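Read through the structures below before going on.
Both complexes shown next keep chain A, but they swap its partner, so chain B is in the first and chain C is in the second.
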Partner chain A sequence: MLVQIAHFLSILSTGLFFTTFLFSFFFSNKDINITKLISRIYSHGFLLLLTSFLIYVYLALDDNFSVLYIAQHSNSLLPNFYKVTSIWSAHEGSMYLWIVFLCLWGFLYSYFVSYEDVLKAKSLGIISIIAVGFLSFLLLTSNPFETILPVAPIDGADINPVLQDPALAIHPPTLYLGYVGFVIAFANAISFLLNGDKNIIWEDSVRIWSISAWVFLTVGIALGSWWAYYELGWGGYWFWDPVENVALMPWLAATAFIHSLSVSSKSKLLRIWTILLSIMVFSLSLFGAFIVRSGIIDSVHSFANDPERGLYLLSFAGILVILSLAIFSYRLPLLTSNKNIVSFSKESFISINNIIFGTLIFSTMLGILYPLIYEYLYLQKISVGAPFYNAIFVPSTILAALFLFFSIDSKWQRTYKIVNTYSPMILSVILSLLITVLVAILYKISNLWILVSLYTGFLIIIRYIFVIFNFFFRSKYSNPYSISAHIGLGLLIVSIALNSEFSSERAINIKLKGNDTYMGHEINFDNLELIKMSNHDSVRASFIVNDPKGKRFILSPEKRKYFTRGQITTETAIHATPLKDIYITLGDQLDDGSWIVNIQFNYFIRWVWFSAILMALAGSLLAFSLRRAN
Partner chain B sequence: MITFFRFLIFVVPISLFSFLYFFINDNDYYPGADLRVSDMPTFELTTLYDGSKINNLDLKGSFLINVWASWCITCRIEHGFLVNLSSKNIPIVGLNYKDEKIDAVEWLNKYEDPYGLIIHDFSGSLALDMGVTGAPETFLIKDGKIIAHFSGEVNKRVWGDVFIPVIKKEKVEWNDQI
Partner chain C sequence: MKAVRKKRLITVLVLMLSSGLGSFLIIKALDSNLDFFFTPSEIFKEELPNNKRIKVGGMVLEDSVSRNGTNIIFKITDYKESIEVQFDGIVPDLFKEGSGVVVLGYLEDKTLKAEKVLAKHDENYMPPSIEIEK
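So, the complex of A and B:
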């Protein structure tokens, strides 16, 4: 019964969202009372949808296995925490959550933004029609409310064991909040174009929303990377998996967008870029949803599915994107500014940044589509891997970082004055060169790309250290959010370079009580025990590792076999220090009784995530400061 | 320049979306379906009911292999359709996947057994060789060759979209029974 109520409420909310859309497009947006009415209808639609979702959460907690989706993905033995997270462990439920989040952003927007905002009514209408599109997709092709009647199974099939992990419980929701958060910017941009009054500064009101969404996207991607590292046992932070790429593209577009946004809201320059990027961010999020949920590519993330889903998402995204671009193209004359961008001003550097990010997005898109085009033409499956992406991302990122370095001293709408900023710039160039040479000699690094990357990374960090120094001791104002986010970027470049230079791995065959040495570490296979747990059996190996400095520690990787699905998972054991991770996974047992053990030394890998967190932190502090300013 | 840009901004996404549209509407593309021909792997396992030995040479002619398990909820959803197929005398070999024998037999007693023969693959070794990633999955075998492989629930639509065309094209012995 409850499931039917939840189902009905979600249908009802679809109706209310559609009404919101109709009202916002057919009534004058100048009347504040109409805007109030539209906001109210929207909010009621959202509250119904939220109630429906909360009932669904209750059904999952209550082990209601007459609901097909819950029976397929949950189990009565699961802790309550995982009963809830099992909702977004597969297609239908995760789509449901996606939509709830989409509407939540709209709700917060309708709550916090003043009725005086002329773009508000139409923006809510656009958000509503997107919600209607997705809700119809959910209800027509991927209904999470489907039941198994008349007899419900006694127990559910259990959540996939690799998903029984706290990082996974928060990784998809965070990522979704990021993806759909850009709906506010998108809706405002389209609403601005429809309105056609170029004196409206839509860029100001969407800044806080876009930066918050960007923070969620950044954290979501970082969490996914961390989860793949320690739970899936992939042993690295990035694999250019197609689904990682479809998350990276909106992130790149969003990063370019929030930079461009600050220019447009200050000086109405780069407006074409800003609007185009806002359309791009949201379109790429939709494209990501299509790629993941159509089964068009093979990936760890792809859901088993039917052909209708892909077709629906493709058509919906296609209509939305092409309509937006049509309006954009129609209103293009409105967006051109009679002011020119001054060479070597901050705006000029940001537009260069936009071009570089555009190139990266285009290349990533090519990497995803090329195998599809090839398959279509030659009926053969190929894959585009790390070498392609590295060849493009490494030089482009270095180039972007160098432009960033020069942009630090640039001014808004004024050209570069090299005299004033002479010393910290030259000093950073020299200091980072010295550090790079020192590191190269001490650690015998000869790869040119690594050295160049290290150099640019150090350049940015050192330059910003000077900025911080001036900030505190010469009270020269500078933007603290920009400083910490960009130090994060410098740190990211340095840690990725060091990680790829120093990390190494080896697979060894080792018998119980045997020992081996790798990278000066003596590894003793001390013990092997069989552990019986409530939902799985586990083989746990214990290795005593003696490092060259005489420190000793124990690492216990496991192999688990889960009862309900018979799935075997590998639990890694990691000894983490600030500089490096020693990472052990247990492979198969050979006929002679020895075990294959994979040992990795991952250098600076924690710094990769730390850099991402630093960027996200800077973003969230900025969002808070904008909130206070409003 | 501006005109060209206005033109480009349409052409690029329209060509992208049309390509993807043609891609997913292509005859050879169906999510979950793999129509590449491969050899049936060799194996040596036991049957579910009596535990007698069975290997790949014992399986002759054309038949379906359905990978299922008692812990798999989707298999239960799919089950009715399989019973329906077997009532039309279409031979289905069950591949019981990573399942306890008692659970599997109890499950079949409860819901009816559509399988002519059931291979008990407790360790999942045969399933691994066949490229199974989870249950349910269904294979079409003709004379020792896998000619169709579908991951996910087989229902009336999948049967019509994926299996019937192959069965007709390859002139499987029982193509008049479908």
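So, the complex of A and C:
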């Protein structure tokens, strides 16, 4: 009965969202009472949807296996925490959550933004029609409320063991909050174009929303990367898998967008870029949903193949993008500024940044779609892997970092007097060169790309250290959020370079009580035990590792067999130190009783995630400061 | 007005040239870094250079898996032709005889030296062959 109520409430909310859309487009937006009315209808729509979702959460907690989706993805033995997270462990439930988040952003927008904002009513209307599109998709093609009648199964089929993990529990929600958060910027951009008054600075009001969404997206991607590393046993932080790439593209577009946004809100320049990027970020988020949920791309973790879902998503996203671009080109004259961008001003650097990010997005998109095009043209299956992305991303990032270096201390709308910053610049160039040479000699690095990357990374970090010094000791104002985020970038470049230079792995064949040596570490296979747990059996191996400095530690990787699905999973064992991770996975047992064990030395991998967190932290502090300023 | 037009023309030309050059470079990078995907039957039909990285997909042939230390040797089959694969390392948990597998590697004397072995699975993390039987 409850499930029917939840189902009905979500249909009802779809109706209210559609009403919001109609009202916002057919009544005058100048009347403040109409805006109030529209906000109310929208809020009620959201509250109905939220209630429906909360009922669904209750059903999952209550082990209501008459609901097909819950029966397929949960189990009465699961801890309550995983009963809730099982809701977003597959297509229907995660789509449901995605939509709830989409509408949540709209709700917060309607709550916090003043009724005086002339763009508010239409923005809510646009958010509503997007919500209607996705709710219809959910209810028509992927209904999570479907029931098993007349008799419900006694127990559920269980959540996939690799998804029983705290990082996975929070990774999808965070990522979704990021993806759909850009709906605010998108809706405001379209609302601004429809309105046609070029004196409205829509860029100002969406800054805080976009930066918050960007923070969620950054953290969501970092969490996914971390989860794949330690739970899936992939042993790295990035694999250029299509599903990773469809998350990276909105992130790149969003990063370019928030840079462009700060220009447009300050000086009304780059408005064309900003509008285009806002459309791009949201379209790329929709494109990601299409790629992941249609099964069109061969990926390690895409959802099951379903052409009907794919077709719906593609048509809906396609219509949205075409309509937005049509409105955009119709209103193009509105956006042109008679001010020119001054060379070597901050704006000029940010427009270069936009171009580089655009190139990266275009290349990633090509990498994802090229296999499809190629197969269609030549009837030959291909795949595009890491070498292509490295060939594009490494030089582009270095280039972007160099432009960033020169842009520090550049001024808004004024050309840049290089003399002012002469000494910190020259000093940074020399210091980072010295450090790079020192590192190269000490650690015998000869790969040119690695050295150039290290150099640019150090260049940025050292340059910002001078900025911080001037900030504190000469009280010269600089933007603390920009400093921390960009130091994050410098750190990211350095850690990725060092990681790819030093990391290594080897598979060894080892018997119980036997030992082996790898990279100066002595590995003793000490113990092997069988452990019976409530929902799985496990083989746990214990290795005592002696490092070259005489320190000892124990690593215990496992192989597990889960009862409900008969699935075998590998649990890695990781010894983390500031500089490197020692990472062991247990393979198969051979006929002679020995085991295959894989040992990896992953250098600076923690720093990769730390850099991402630093960027996200800078973003969240900026969002808080904007909140206070409002 | 003439000067303005000339300036615009130059801008447009520069834009077109640079984006054309950019696209050309990207596509060139793409073409030299492709991994071709074959079924076992297709491999022997085509003349493949040894230094080209390829992907081969199919089923792990029953009773073809043998191990030697950390090395594993098995055959991938599409039940018409099969090809021998050599790999040094740990195969994924879902790897087993009679189930789907994708191998990335180089061809050497009719043997595929594998860099990576991936087992195929869908959202429920089951090999596709099992799904079909249901």
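Keep in mind that, in the parts below, the second predicted complex is superposed on the first by the 627 of 630 C-alpha atoms of A that agree within 3 Å, B and C clash if a C-alpha of one lies under 4 Å from a C-alpha of the other, contacts with A are read in each partner's own complex, and residues count from 1 in each chain.
Criterion: a residue touches a chain if its C-beta (ideal position, glycine included) is under 8 Å from a C-beta of that chain, and two chains touch if they have at least 3 such contacts.
What you see is a predicted model, and the numbers here were worked out from it, not measured in a lab.
In the superposition on chain A, A:311 makes contact with chain B only, not with chain C.
Touch criterion not met for A:613: it reaches neither chain B nor chain C. Once the two complexes are laid over each other on the shared chain, residue contacts for A:71 go to chain B alone; chain C is not touched. Within the superposed three-chain model, A:156 lies in touch with chain B and out of touch with chain C [touch as defined at top]. Of the two partner chains placed by superposition, only chain C is touched by A:569; chain B is not. Looking at the shared chain after the overlay, A:321 reaches chain B, while chain C stays out of its contact range.
Of the two partner chains placed by superposition, A:519 touches none, neither chain B nor chain C. The residues of chain A shared by its contacts with chain B and with chain C are 304-305, 565, 567.
The part of chain A that touches chain C in the complex is made up of residues 90-91, 160, 162, 300-305, 359, 362-363, 366-367, 370, 374, 380-385, 387-388, 391-392, 507-509, 559, 565, 567-570, 585, 587-588, 590-591, 596-598.
Across the complex, chain B meets chain A through its residues 2, 5-6, 9-10, 13-14, 16-17, 19-26, 28-32, 69, 71-74, 76-77, 97-99, 124, 134, 151-152, 157-158, 161. Per the touch definition, chain C reaches chain A in the complex via residues 22-23, 26-27, 29-30, 33-38, 55, 67, 69-70, 88-91, 93-94, 104, 118, 121-126. Here chain A touches chain B in the complex through residues 68, 71-72, 148, 153, 156-158, 276, 283, 290, 294-296, 304-307, 309-311, 314-315, 317-318, 321-322, 325-326, 328-329, 332-333, 336, 369, 372-373, 376, 379, 563-567, going by the rule given at the top.
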